[in-house]
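What follows is a set of structures to go through.
In the two complexes that follow, chain A is the common piece, with chain B as its partner first and chain C second.
Up next, the complex of A and B:
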């Protein structure tokens, strides 16, 4: 039975090897859980649309509101190329400003939110309802420069911040026109249907702001407002040297809250809902989360206010040297004018990524299963979908724009 | 921040004020031009001249030549579309010597600030209202009063608001706000609120009509103080003259007020730096305006600086008086309508028309005489009587006024035959309608004038008929005639000012008021004198004719 005595360790080793083989996916599922944590939000890029709708010197505080949010959003990582800033009037260079080129948010000139590197995309009279809706829906004339476009896709988390004078169901633009809550809700629905956002956070600081989000009906929308219907949002403090009120209360406390957030913060939306209670704000802030699919307690502030770049780890490799066939057989000479993306990482098995994908990607995944051939002499796209934009199922490519 | 927190600037201002304490002989035009230029303003002058229709004995002027000096502080970053005006009338003597100093001090301070969005015009006008009229006419390219002036070389855009300063001493105890302007026009109430707000903020005592506010509104004394203040405002507004240099701005839709410094016997005194701070604050607020002041009331009466009576409250009072007239007219119409045989409803025919038309024409001719003759006939009067021109004018006016009382007697000598019962009713109907329309229009333009006239004329119009006791009614009518109303108002005004006067003084004041009224009309376009002489007096004469109807 000498063989039996060395059979047992051998059996153990074999068993161990089998177990190893079976448990081979275990390191994959570690990555899986890590990756699932990384991609729990499902977004890959962040955009912000910050709008101040009122002009005139005595509406200084609305410009200061918008610039404070701009400041926070930039500080947390969203670059100017991903921010559409619309200011209806120029307070920094207003003739009445005793400190030109500054816009203060705290009295005694403690904090200048205008700074050195503010990029205003829509200024003065360009801030109109039509321009705002066109920015949101993407229906801009071809001549519009990139800085004035919201180039979001179905994996973008967008922050939309509106401030100005409003009423029950409307927001006043520039003393001459209004946008209604119905128009806004329809614009968001257009955005949803065109897959222009993954999740959208809508913040509004006006009188009776809660009326503006009453009519939303598209999924993945979360909304916050500074006051309920029938209440006025009040301003915070005047500065006696400048002579106007500097900020509105809700945004003032929002700014204070955001100053404590850093890119690695784990603060969630539930804390944001608590900003500016009635004792400080004199109005009752409201919020709406019924259209949002995730639990607000698991939504990080930086999901919307910051731009946290995510990296996906995969073990698959893709060979980039194989020639690819262009799928359009009818007109092989057709050129594609839209930006084309090549992805470095091919997709791995979907089981590695444990979160569910939004349905939009599934529809475009059918066209991207085969790798197309390249046009002779033309650029080498990897995948060309219907609109010429690369969608590869189940993956978050590190996009490189050609 | 704030005016004259810099000790150097404070010292400079004090030096300036001490220099200005000496009486000025005329206006130091060259010195002012140099002083303003040294402060970095764009300085221009305007010369003007006017010969008054007759010498003004109150201010002792007849042929007026003068120069206005004004400096424009351009807004550093703004387009030159709007302007604010700070003016100080420069008079010989010590009545306004400190205001110019404060104006120059403010100019220097304002020059160093970044936040001006409107040009600021610092105006020093000579011969107060006449100079101001010349400047305003030159600025707006109008010529309504026949003055001759040189055109303005420098302009600052459309004027949004103006303040006029009158300071006679460098230490004051209170600031008085004067709002009443030409023809009873008032600036927007927001300007008064602005002044009051800054007075409270800086802690300066502020008055209106020279009376302090009281806190006890419910007590009888507080209430009577409020009534007195309001009555003073009513009387001042009814006179139709501008009570400060600001009064002429209002015609051009420029909100303006005058601020007068008063030095009386109080313990707590304020110096000019505080007044400067107040003016700086007011100007800063006016600078931040995006539109002209229009949100508050234009028609109001102030029982105190913190309370007002709006037109919605006081107009119904006038409406009730006018209703009396309309009811009386209705009564007459009904009486006329109940038919006497042979006559149509309303107008009688034949000689009846003449007997109605004649008093009308003669009354109006008397009115025209009252309007034109005093000035035209002053030379002849001076030749024949030992009076000065001013006295000649005034006494001629009074003579024509009194001569009108004899009219009915003369009219009936002209006319043959008798007037009918219907005749006087028709005449009265016409007179009442005429009066109602006249008083209504007057009340719309200048409520106080319309109301005071209505108070005295409506009872007369209501009860007068040929059948009331003649002598008594004649006495009552004379006592309630426009001239006597003026006389009584003068006495009431003096009482309210707590400076009661004797009968003789009152009479002299009455004469000077008449001369001032005629001069105001000729110099600035005040409408009170033509209104009274051409319209109200003939209307009263019509009623007088009815009383003596035969």
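Up next, the complex of A and C:
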């Protein structure tokens, strides 16, 4: 066009002027941007509540799902003391398990997610709706040990992962009871009222999972589900040697995605929403971000899945010049000594078997697991002992049925 | 005929009896059955003082404090001295949001110094003057005393205007005794007094940071946000754990006198903080504990260095090995002393600008601190391994004490230029720092407790099927009375009592909110409720209803007959 040939140099001049005037060099205060990034997410610690709501051998994949997420979360930095893991834990030592003391998440037995440092906090019959709600709202009896509590504060980011069998508006717990989406939404509201979380990410991998986050109404919640209402979440692959399906599709692709994340990665939530499209998953994953205040594109995956600590250099010190004075030993007020690990606490009618964590001993660096004593009452399940051998502490007809 | 009449009569009485029977059954069902069913299926909800709780929902706090300004000889002219002693009240009002309002009330008392105070002010140095003044009289908790000294006084160094002592007194260098109205002198002194008060006692930013739960995020400055994120929230108790990490016991045989060090350096601070919270102290030694990060050898300082970016990844692997006291749910502060192994010594921490940090320590908000202690200069190459090393606890505890102060909420006051702050000394904490902490903790406790109680009341209202036991009602009542007492004491200016009441309020409100019995009963959607009740009530109600309908039909028919008979 005729006009274009003469306005072309004009355009170049204006472009040049624009570059000169408006694009000033950005001040290179790297320290400042880092410092502001430090406090941009608003959280100082991370917690994870991972719940597998099924039991029985044919629900192997739910346990494998939960344990795989547990492994990823631990790998990315959240310590056991900040993870509340609720599993029926009847897979590893199940009579039908051809490889006892293992739970595999990939066919051909490539990855054993059970290992020897899995710390299950609620096990067996303790995985109930009541206990789950008590953990979330903090209304536990005073005798509950620290490892079974969710001690989050107003600066904690919490990841909640639920898997099992679900329906439209409910999730089945251990084949005997259900939790409804209204109860879950109320529980989150109670958490918000007491400021027990800064931000919360809710992931659910069940059939019709999207119905579980429909009723949320508290702020700072982000939810992901593996399937919409009316759709079923399907399992991924069976293993012919073990005889059951090993994982669910959504969690399988979620884990593939998480394998690329390392503690310093900058991947955001928008990439997480793209995990497992319909072509791979056969169900349509859904997500809900309207209650979340930040833009999901600026939320890092490690804000929820990892535990990147904020760190500051200590610049000031106190100058102490007085010599050391010893106290008189009649003063019994302080206690000094190595912290003792809490042992077993009975909770509810079933026996409770917390796996003992390796204690920091003064003499050796190896850890040894003691066999938990079976408490009276309740079924006596199989436990994992040393070197991954299943010791039979008691049999009930219930187990023989499986 | 008689038989017919008899059977007819019997028939009539039968019908009458049937009618009475149906009516009485219906009466029993309605009068007795329905109320009984209602009463036995309702959840027990004890009475809560909802009106008081709603009052607490809007928090209007008034903070009163006393400021005493003492004029020493040479600062006032004789005519001005005649008008003193004088009391003035200053108020500042801040409207935070629709539910929260703050009012600060400063009671300024002006007077001249007594003979003994003049003697005390004649001491050679400011520290001694401060100590003698403290010996004379102890000011109550929360108050500030400012001594105005003449400009020519030698107590303060050259360019220092204000000296803040270890207790609650400050020395302010006044202007030369100028003539004129006393009011003019006082109003000229006002901005400086205000600066002193803001440093030594609460400032508006501190109080806003303490209310950070209630108010929107955007209103806080970035620094106060960082401060609020760094220190722990107010809690009835804290667990403090000191750990010594020795990754190389074959080379280093470390000894640390932790008991003595805690008793000498840390315990005085914790004793002073006793009105604010309970503290319990533990210690442990971990062998073969490694940092999760590999340090790199830096040729410029010929030592191993940890860059600032890698510090964030140090904590997590170590935390897995640390024990904690399983019996309490109090927040834990961890202080780790890491002695690098012989092959990676010396180890220095670099900050963002690649400079070695003096303290060789870093801390993480709401977690604790880590210090790296190098021992390679204690022994030579020919030493016999393992080398016995005694750790210099004074140096170590100096760093840990600074970190502990930050974690517990003792904010580093950024004094304006011209101020000189006396160091805390052996107590670890000055009285005015304690006062600042007490002001912010009291406000925080009151805000948190009132939010807990109001949200508990709201929740119980919203979720209709939670059982409210009597003990919860008792706790709520206790919390409400303690809160009202705390607010009243704040108004009156009694900081110590206000703090105590606020702690009681928080304990009671937490106990009420987190009571294990407050779990809502299972939620049943309405169609499930119908499905349960219909098979129970319908078979019973149908005959009653039908007989009542039949009776009503007969009554209508009889009335029609009567009307037909009349016509």
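We adopt the following convention: the second predicted complex is superposed on the first by the 277 of 402 C-alpha atoms of A that agree within 3 Å, B and C clash if a C-alpha of one lies under 4 Å from a C-alpha of the other, contacts with A are read in each partner's own complex, and residues count from 1 in each chain.
Basically, a contact is a pair of C-beta atoms (placed from the backbone, for glycine too) under 8 Å apart; a residue touches a chain by one contact, two chains touch by 3 or more.
Quick caveat, the model's predicted, so the values are computed rather than measured.
Colleague: Looking at A:298 after the superposition, I want to know if it touches chain B, chain C, both of them or none. Which is it: first, second, both, neither?
Modeller: A:298 contacts neither chain B nor chain C.
Colleague: For A:176, is the partner it touches chain B (first), chain C (second), both, or none of the two (neither)?
Modeller: neither
Colleague: Where does A:57 make contact in the superposed view: on chain B (first), on chain C (second), on both, or on neither?
Modeller: In the superposition, A:57 contacts chain B only.
Colleague: Touch check for A:263: first (chain B), second (chain C), both, or neither?
Modeller: In the superposed model, A:263 contacts chain C only, not chain B.
Colleague: Using the touch definition from the top, say if A:315 reaches chain B (first), chain C (second), both or neither.
Modeller: A:315: touches chain C, not chain B.
Colleague: Could you look at A:97 and tell me whether it touches chain B, chain C, both or neither (first, second, both, neither)?
Modeller: Only chain B; A:97 stays clear of chain C.
Colleague: Is chain A touched at more residues by chain B or by chain C?
Modeller: Counted on chain A, the partner with more touching residues turns out to be C.
Colleague: Scan A:168 for contacts with chain B and chain C and give back first, second, both or neither.
Modeller: Neither partner.
Colleague: Both chain B and chain C touch chain A; at which residues?
Modeller: Overlap of chain B and chain C footprints on chain A: empty.
Colleague: Provide the residue numbers of chain A that touch chain B in the complex, in ascending order.
Modeller: 56-58, 93-100, 241, 243-244
Colleague: Under the stated contact criterion, what part of chain A meets chain C in this complex?
Modeller: My answer: residues 30-31, 34, 36, 39, 42, 44-45, 77-81, 129-130, 133-134, 137-141, 145-147, 149, 151, 153-155, 180, 182-183, 186, 189-190, 193-195, 263-264, 307-327, 334-342, 358-360, 362, 365.
Colleague: Going by the contact rule at the top, pick out the chain B residues touching chain A in the complex.
Modeller: Interface residues on the chain B side: 1, 75-78, 113-117, 284-285, 287-288, 290.
Colleague: Write out the stretch or stretches of chain C touching chain A in their complex.
Modeller: It is residues 213, 217, 222, 225-226, 229-230, 233, 241, 257-265, 267, 280-289, 308-309, 311-313, 315-316, 319-329, 331, 349, 351-353, 357-359, 361-367, 369, 371, 393-395, 397-399, 401-403, 405, 412, 423-424, 426, 428, 451-452, 455-456, 458-459, 463, 513-520, 522-523, 525 of chain C that touch chain A.
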